[in-house]
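Take this structure, written in structure tokens, and hold onto it; I'll ask about it next.
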């Protein structure tokens, strides 16, 4: 067993933890954090896969840099969307 | 290829210019869209006369760089995207009820167009992840144009779409870890059927099904699509959900081994029938007009899923043609339906289905658009929906052992007939018509009708299209 | 070797514990603080796995900027409703997740010893790419299209926030100490940002990390009240945001219609063009991120 | 390794151990101390002294002057930012204390955790 296997397992464990929280939590901020934990798990799998060979796989690392920026942008948007005051008073009931 | 690239570049450049100069001129977008449509048609023409083209971005060949491919299907989809975007922007510019005129709808819809074009052209698993993310973010940003009421469904959509992307990305990571390539065709050459690959395919499939709102992962769609402004709902239902569907089709039709594909195909086909039935049932019961149309999207995606399932189950390439004909016909019909519904809703001042009483009298054009589009969704001849269903049914009817599947199609047809006639009967109830709040906007109603007319005209065009697809493949 | 494994195991357990605590602790504020700690630990993990580029990006963006945004979002959000998922959902989720965990563990286990052909290709073409750091070569040459689209994603996040029409943030008057400190910090962030950008061509670093550091500097200055409000309405601001994508697109299109191919840099010009793109991208990322965190993105109609 | 290098290597141990000790002590203080001010006290001790000793120990082991300069720079920055952050936190705590003394609820969320 090498340290790569450990990190791979850790990555999928993080992903599953995030998924569990996403399904069970109700608060918007917590769900956003849950998605971020899922993302971190995915990235950990990718970085560990990159580190399994010498020299380290630069393609996977570059993909993770891209993925990180994409995830961070989406998170920033989600955070603003979740906490912008909505005038609840004049919402006519519209539930399906 | 240069025409296809032009068709991708024009909307992107237009979005940049609109943002830089802070203009919200719809006419600029319409002109740019026309140019993009012409470019897409030139690309289609090039593919028709020549052959499929490849482009290695940056001249780095596939395992190192990203590959674009312009085949028949990609060219048709480029034209389809540009056409639908053009129709919707003309409506959004002309309609008095369009709530999108003085907003960021214009640059956002251009970005949507560009990201879809990038998705159709790309053949790289990771690049698809970014285009999917682009699609999701644009969709959410466009939904919230309609104001605070849409924030909650938009947030749910955003979170689910993010989770779905990560599901997809984990699948991509597994595939790369196993085979070391990201290009779909190179992957198809080396892929073997083992548990790890199946797991990766499962992850890809779950992520894409959630993004495409395929049953049973469709729950987010009705609220999100119904909450958006009318022009946006039309774009979302007609275009956005088709992006992940394209990737799903691509992944399964190129990567899955026959044995595995047969097993999964049955599941897809059953999910498709379930979508047809449950989506149709929900559309029959909802009191809200736009939610009804949105549920009809869920139901109609069931046909695509059924076609995908049967494609995998029988390994019959005819089914791919049926799938994409459904997508084209549904896209056009759904634009018409959403625009007609939005126009009636805005004029009558209520979101309820019941408010349409007597609409055939007060707003005959919009109602007609709705009904004509509904006819294509049901599959009445000679509409585009009919042609698609015909291509799907032909192999089903040849062999008696396939007849149970035809029963599923029949159920779906009945369900869609049910919700279309539900609206139509209310509209023809002229005893006590609800009076419109404003004057009906005739030009806008004609614009809502236009896509429906095109979908009926598609019946005439589709025979050469089908023959061409059969000849050269998709 | 054993000591290293011990360190790795401890780090992973710590990460898992932090993630679980973040997601399930009772107080939201504690959760956010733990999440920031989680981000920093993640940066350490990336460094341990040899991904220095990523460690820099994670520390600056993942832990830093997202942390600030989370705290700001916490300030805006109301008290947390104490709703818990019904036991049935909880049980179903636990069951599903354990199943997935077992599946994934089996799926991921054999991957540790595989290898991919691409890194060797990268190395053999590195000389032709114009830069000597492989990650930068992949980001800005071999897979430059990904990077271009990623800049569009960042732009879209900004556009999305614009649609919210959220009121301007009311920043409290800053204390003199903070102001003095940010006066010291801002030039430092410019120096570090520039250094990271320059380093990117031959060592870990590059546009994203540099942009994030610059954005952090701008945000601190803005919070200390030393910068005027950052407005979308001001055209140079928009030009900076759009500059990265615009330049990238121009180079791509010019390469296609005048030169040898889409996103193909003419021989000899590779380094220059990459540097130009990196500078534009850095500015674009820095301004976009600052606008996302502390900017005024509304449209003020005259 | 040459003679002075070996000597330097061994002499770095006390510094490193001292650094670890201060970090541990700071962490325990953070967890166990009753109020914000004493917790801040504990944490900043860990930052300045603990990190300082670690940096000193590592400097003794380092091979080049560049590395030494970089580490010293890091230490300086951490110390400065730690001191500033400590001041700001303490000040915030004092303001919210006086506020809650006159029982005016504050809008900001950054209350002490307890």
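The letters A, B, C and D name the chains in turn, as written, and every chain counts its residues from 1.
The rule is short, and it goes like this: a residue touches a chain if its C-beta (ideal position, glycine included) is under 8 Å from a C-beta of that chain, and two chains touch if they have at least 3 such contacts.
Nothing here was measured: the structure is a model prediction, and the numbers come from that model.
A.B. asks: Name, by label, each chain that touches both members of the pair chain B and chain D.
C.D. replies: C
A.B. asks: Taking each chain's centre as the mean position of its Cα atoms, how many Å separate chain B from chain C?
C.D. replies: The computed centroid separation for chain B versus chain C comes out at 31 Å.
A.B. asks: How many Å are there between the centre of chain C and the centre of chain D, using C-alpha atoms for each centre?
C.D. replies: Spacing between the chain centres: roughly 27 Å.
A.B. asks: Report, in whole Å, the distance between the mean C-alpha point of chain A and the mean C-alpha point of chain C.
C.D. replies: 13
A.B. asks: Spell out, as numbers or ranges, the residues of chain A touching 2 or more other chains.
C.D. replies: Residues 12, 15, 19, 28, 45, 49, 63, 66, 70, 73-74, 77, 81-82, 84.
A.B. asks: At least two other chains touched by the same residue of chain C: list those residues.
C.D. replies: Residues 74, 104, 108, 111, 114-116, 118, 122, 142-143, 146, 150, 153, 156-157, 160, 164.
A.B. asks: Residues of chain D touching 2+ other chains?
C.D. replies: Residues of chain D touching two or more partner chains: there are none.
A.B. asks: Could you list each pair of chains that touch one another?
C.D. replies: Chains touch in the following pairs: A-B, A-C, B-C, C-D.
A.B. asks: Contact residues on chain D for chain C in the complex?
C.D. replies: 77, 80-81, 84, 87-88, 91, 108-110, 113
A.B. asks: What residues of chain B sit close enough to touch chain C in their complex?
C.D. replies: 2, 5, 9, 12-13, 16, 19-20, 22, 55-60, 63-66, 68, 102-104, 107-108, 111, 114-115, 118, 126-127, 130-131, 133-134, 137-138, 140-142, 144-145, 151, 174, 176-181, 195-196, 199-200
A.B. asks: State the interface residues of chain A toward chain B in the complex, per the touch definition above.
C.D. replies: Result: residues 12, 15, 19, 22, 28, 31-32, 35, 38-39, 41-42, 45-46, 49, 60, 63, 66-67, 70-71, 73-74, 77-78, 81-82, 84, 86-87, 91, 94, 96 of chain A touch chain B.
A.B. asks: Write out the stretch or stretches of chain A touching chain C in their complex.
C.D. replies: Against chain C, chain A makes touches at 1-21, 23-30, 33-34, 36-37, 40, 43-45, 47-53, 55-59, 61-66, 68-70, 72-77, 79-85.
A.B. asks: Could you pull out which chain B residues touch chain A in their complex?
C.D. replies: Chain B residues touching chain A: 126, 129-130, 133, 136-137, 140-141, 144, 148-149, 151-152, 154-155, 158-159, 162-163, 166, 169-170, 173-174, 176-177, 222-223, 226, 286-288, 291, 351.
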